[in-house]
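In what comes next, subunit A is part of two complexes: it sits with subunit B in the first one and with subunit C in the second one.
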Partner chain A sequence: MAGSSLKIALIGNPNTGKTSVFNLLTGLNQQVGNYPGITVERKVGSCRLPNGTKGTILDLPGTYSLNASSMDENVVIELLLNKNDKDYPDVAVVVTDVENLKRNLLLFTQIKDLEIPAILVINMADRMDKKGITVDIPYLESHLKTRIALISSRKGTGIDHLKELIVNYAALPTEPCLNASSIDPDYFNKLRQTFPNQLLYKLWLVITQDVNFGLIDLKELQGTAFTKTKSELKRLQQKETIKRYQFINDVLKTGQVIDHSKANDLRAKLDRVLTHRIFGYVIFFGILMLIFQSIFSWSEIPMNFIDESFAWLSAFTSQHMQPGKLTDLITQGIIPGIGGVVIFIPQIAFLFLFISVLEETGYMSRVVFLMDNVMKRFGLSGKSVVPLISGTACAIPAIMAARNIENWRERLITILVTPFTTCSARLPVYSILISLIIPNRYVLGIFNLQGLTLMLLYLLGFTGAILSAWILNKVLDIKHKSFFVAEMPNYKLPLLKNIGLTVLEKTKAFVYGAGKIILALSIIIWFLGSHGPGKKFSDAPAIVTAMPQSKTLTESQLNDAIAAYQLENSYIGIAGKGIEPVIRPLGYDWKIGIAIVSSFAAREVFVGTLATIYNIGSSAENEDEGTIRQRMAAEVNPVTGEKIFNFATGASLLLFYAFAMQCISTLAITKKETNSWKWPIIQLVGMSGFAYIVSFITYQLLK
Partner chain B sequence: MKTTLAVLKKGQKAIITDFNVDAIPLKLLEMGCLPGNQVQLLQTAPMGDPIYINVNDSHVAIRKETAAEIDVIIITD
Partner chain C sequence: MDIQQIIVYLLVAAATAFLVKKYFFKKKKAGNCGGDDCGCH
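Right after this comes the complex of A and B.
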């Protein structure tokens, strides 16, 4: 495959519509993975090019320049510096936004210095008329020493021209468009003489940054005449940047004409309202409120449908398959297990939908701007808002999003507190518990009481995050210069295709990622619950029948009693009873205990586990007993006859799930991002300990 | 009038004259915040910090403490 397909790298500043171009080129032929060993997202797609050539397109992380300041940007540089990398492109496609051409070209001139065949894409061409912008393509092509494709990713125009340029990449000029080494001729001449076989700009990049670069060892350069102090290097980098902008300004003076009278001030008007000192906050909280209300009420219909479908499927299979171990495994283990994942697709899809709309429209940057001052007081940055909000989908991408925070101290605190925000994996647990303990009523006519409770839990998560940030800010002894630079992109109508693809991709990742764990655990739990050691398990029918109180039971009640006795003496029952003393003060029985233990793999396992346990616990005659929710609602304490999921236990469980650190994947990502085990351990112990205390107090007060 | 970016009022334009290289992140330079370029204050967040500027046609938000390291000459009110 590598031999026959053309390798194309998409490079560009954030907010240039690079991903839209990628989506246009590849359609649905894309795969998302990670770079080996690091957590930077790696997006690859394929496309058909003219005359039958196949193209493999790599969508590199957005970067402002080749001076890396984050892990995402490192990926770009390491790839472009290493000709032996399997992804090293045959041709680079640099995407720019016609409204920000000046700034976007900075990166382009750097790519040209690496002497990689490069095509310049000028995107958002559809906005040129409105903004009074005209560009002289032949002039720009000759001075920037490249070929240009004028594209509108919104209208889908210009893509064919781009594909043609890609196929004919061999004809692209590869010389640099300016001579950056003139910023310090002596220094660069010496460098050239010492390493005659290396590209000068590559050497410069290796000297100025901390990248892992296979061809030259940085150590070779250290201790030689080429080392300079950090401050000296930065001064040179500043000179280099000025030099590049001089060149770009000169080229654009003729190459691009902007009629400023035509520039409409929609942006300024929107900014005035959306970043207003009062309305700004009102609008922001209004939007948050809308999101949470809609996640709960809009998802209800498809969720009920899925819940009932799986209950029906389980009953149907058990009636139509031969009774036996395999049937039990399928109807009691696998079907409820899968149902426990599928049911959350509607909520998760809605959540990702809202988050990607906020990002795509440019609104998220305004929230960053609005919130910085408040967040700073808690040791966070305005940019912490993005992880904290995307944490409502999943803490893993959220913690990765903290990379945009320049200051290490603010970034670390953000990473540590982000798991407090209510992620989509908690939703299943919240939904089912809320529906058990909170009545489905409307207050003041419009607010659904269950929806309000959910919103309260989300607020509680944010409060937990903010307060622990405040504590960490007091406790942590890390000095770091505080920088904050946030681009404020222009407002855009979101592209349906982009949003659709994001929602599809993230939901798929959740279903497959969580689905695998849940399915495996469901099978294990089913096995442990339907097998047990010794006579107590195998002779359960005889033992229960012989009990004096069994004499008065009907046959169906007797079967239930036998099943319950078997479950209690199964492997899982024994394990659950073992931990019961620890969780009893919180109001949980051993069945909930098992569900809590298994949800340390992933929180959403909680519901699936309870579903599996209660399925095993009900006898054959009660197969059509109904959905997971109904079964949980019917569960009573065998000693007192009280409902297990009463208000006190439900509230205590809700708070436990709100604060406890129960996600192995999140701990792993914290380890990767902080490069130490210390921080994930602090997260685990701190959060879970706090959760235990809060749940303990809650249960003891309410019971 | 010679002053720093931190004291600009909403809507005022200025020309950057100099700055303390060590106190300014490289990313801000790459956005076009360089001597000789024009800068305009578009918005200030509640309580005056951070500020939202247009420099060299880049729209960026920075904190006041960074803005205080950038010397400017105000050209319009």
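Right after this comes the complex of A and C.
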């Protein structure tokens, strides 16, 4: 086996510590794919197993059973039924929680019945004493026909034993736990006779999950003598579940003993407070306030350092490179453009630090439960909180996370309103605009005014989302029946390693994802701003020098005037002037217009674009004038002499970014998830139109 | 045209190509099982 790679699928119910086991097995050797949210991301990692074997571990979305009720659960079923899939596992590692073993074993027995070599991992062993739980491993191994690894992902114990079991997977028994024929002997006998070479339980899943696998087509089964109606199949599925639980109960009667007298009820006490109908909300908003205060206060020093470092780098490069176009591109386009991304790393990292702490401790699930009461009044589900909170990272995975909402109407509304949530791409825009128009001072001695404004904008996004949901709930003519099932995991102290990996992974995604687009756009915008058609651009030095008002200017002022004139007559200046009449009523000039248009590639491009535009032709040698914030703050209207980023324009811009649909990728994912162009177009027109009106009113009232 | 200008034009072309490829020529991912080319049959 040495030298080859073993394919391992990590499967389990949500909240069993599956991700922690994955982190323990793989360390930093992870690649994150496209499935949404922390428990439903498609993660692939590698690890070194005993005897030098390499293992490729696929962390599958959390699922309660192989009876899929959401598209995420389908991912698991599609893989396990499809031997041709490149990820089809050599061995399945099913992670369970020692406190919820009975429920978690349902999925395990189903996987066993697919005759895939399966190892049972019983996690959270460190909590057994506290909860008065004992397990008889040899008994469980013999009755569940498997090998068991008792581990604690918190303490990192049992992982070596798990690796040993994985590497020896060939010795695992593949006998099923349940005789599938017992569900309905007549029906299953007919199935067996018709498809003698197929695994009976696999056939059963093909029929009930409405998918085609192997050589069997569902159409082949329809119209035959043993066709069942949907309600008959549903009844048989229920019968199957009951039979499985009977089997599990029998096994656990001896295999697991729980002494309830030893268990303490701290969880119940905490739940009573954290999900209280008044205190629950007070605590939630208190935590939100703490988060946004900290994002601003703690990030200030590293952000200033990064800002000044890039200004210095730009000046240093300009002084030490040969003068020429490439030097101009690097100092005026690339460095300020990249600086516009890197500067926000501290804030993004702090945001995800807090979000992952809330998820890791189990508090986020209480928020889902707490908010269900509020959500259902607006046509949403309690589960809509997950996309809405995930939306603070990025609307794309958040919209995909809406797959977990079983009801189509609630899912559609969630998809449509999620982009209102303030995503991390808006954070750089908010951050720079707030620092320009809101004074950095404290209210009541403890609340930073800038932090409060940021929190207000996040709440505004959330309010926009639920009010739009309310309107859509009234307007949409889709019938639905709603139910809400959510699991509240145990409270846990967050694992530093998990939090560190989440922060690293999300920050990397922000920097590399947006960074490449921003770098490319910075180059193009610099080029379009440094080149122009006609004589007005090429003869700018002569034209400006000949102007009467130029006679009184110093050499530096004259150079700036020439640069401004050239920029205005460059390709980007001409394009910006073209859209200026549309955005002028909102208080924006053509440079802001260009930044807004380029934001459709990625919102965070706004800052980088302005940084590039304001740097073109400027004297970058002077690093004191070179930070992004300083350049934006110094920008004045050439006609009125007033600051461009005054309170009215800043507030109008903040609201525009809060409500406008500016992300092409989000529109693409909405199209994919709704399978129609109708909904993304409604999203684009509705959100952007609303943003325009709100920004117009704001500017006109405040100017 | 000096070497700096040539590099600038190359970088602009590369940046444009990157954005065009990213937004207009996205790779199609394999569909769900059941399709003709999903590899399940």
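By definition in this document, the second predicted complex is superposed on the first by the 679 of 703 C-alpha atoms of A that agree within 3 Å, B and C clash if a C-alpha of one lies under 4 Å from a C-alpha of the other, contacts with A are read in each partner's own complex, and residues count from 1 in each chain.
In this section, a contact is a pair of C-beta atoms (placed from the backbone, for glycine too) under 8 Å apart; a residue touches a chain by one contact, two chains touch by 3 or more.
Since this is a predicted model, take the numbers as computed values, not measurements.
S.K.: One more residue to check, A:516. First (subunit B), second (subunit C), both or neither?
M.R.: In the superposition, A:516 contacts subunit C only.
S.K.: Quick check for you: in the superposed arrangement, does A:84 touch first (subunit B), second (subunit C), both or neither?
M.R.: Once the two structures are laid over each other on A, A:84 reaches subunit C alone.
S.K.: Among the partners subunit B and subunit C, which is in contact with a greater number of residues of subunit A?
M.R.: Partner touching more subunit A residues in the overlay: B.
S.K.: If we overlay the two complexes on their shared chain A, which of subunit B and subunit C does A:508 touch? Say first, second, both or neither.
M.R.: A:508 contacts neither subunit B nor subunit C.
S.K.: Touching A:327, do we find subunit B (first), subunit C (second), both, or neither?
M.R.: second
S.K.: Would you sort A:372 into first (subunit B), second (subunit C), both or neither based on which partner it touches?
M.R.: first
S.K.: In the superposed arrangement, which partner chain does A:527 touch: subunit B (first), subunit C (second), both, or neither?
M.R.: Only subunit C; A:527 stays clear of subunit B.
S.K.: Looking at the overlay, what does A:664 touch: subunit B (first), subunit C (second), both, or neither?
M.R.: So A:664 only meets subunit C here.
S.K.: Thinking of the overlay built on chain A, is A:277 touched by subunit B (first), by subunit C (second), by both, or by neither?
M.R.: first
S.K.: Which residues, counting only subunit A, touch subunit C once they are in their complex?
M.R.: 74, 78, 81-82, 84-85, 211-215, 322, 324-327, 329, 516-517, 519-521, 523-524, 527, 601, 664, 668
S.K.: So in the complex, which bits of subunit B are touching subunit A?
M.R.: It is residues 21-23, 25-32, 34-35, 42-43, 45-47, 49-50, 52, 56-63, 65-66 of subunit B that touch subunit A.
S.K.: In the complex formed with subunit B, which residues of subunit A make contact?
M.R.: 64-65, 67, 69, 100, 102-103, 106, 231, 234-235, 237-238, 241-242, 245, 268, 271-272, 275, 277, 280-281, 365, 368-370, 372-373, 376, 382, 406, 481-490
S.K.: Once bound in the complex, which stretches of subunit C touch subunit A?
M.R.: Counting only subunit C, the residues touching subunit A are 2-5, 7-8, 11-12, 15-16, 18-19, 22-23, 26, 32-34, 39-41.
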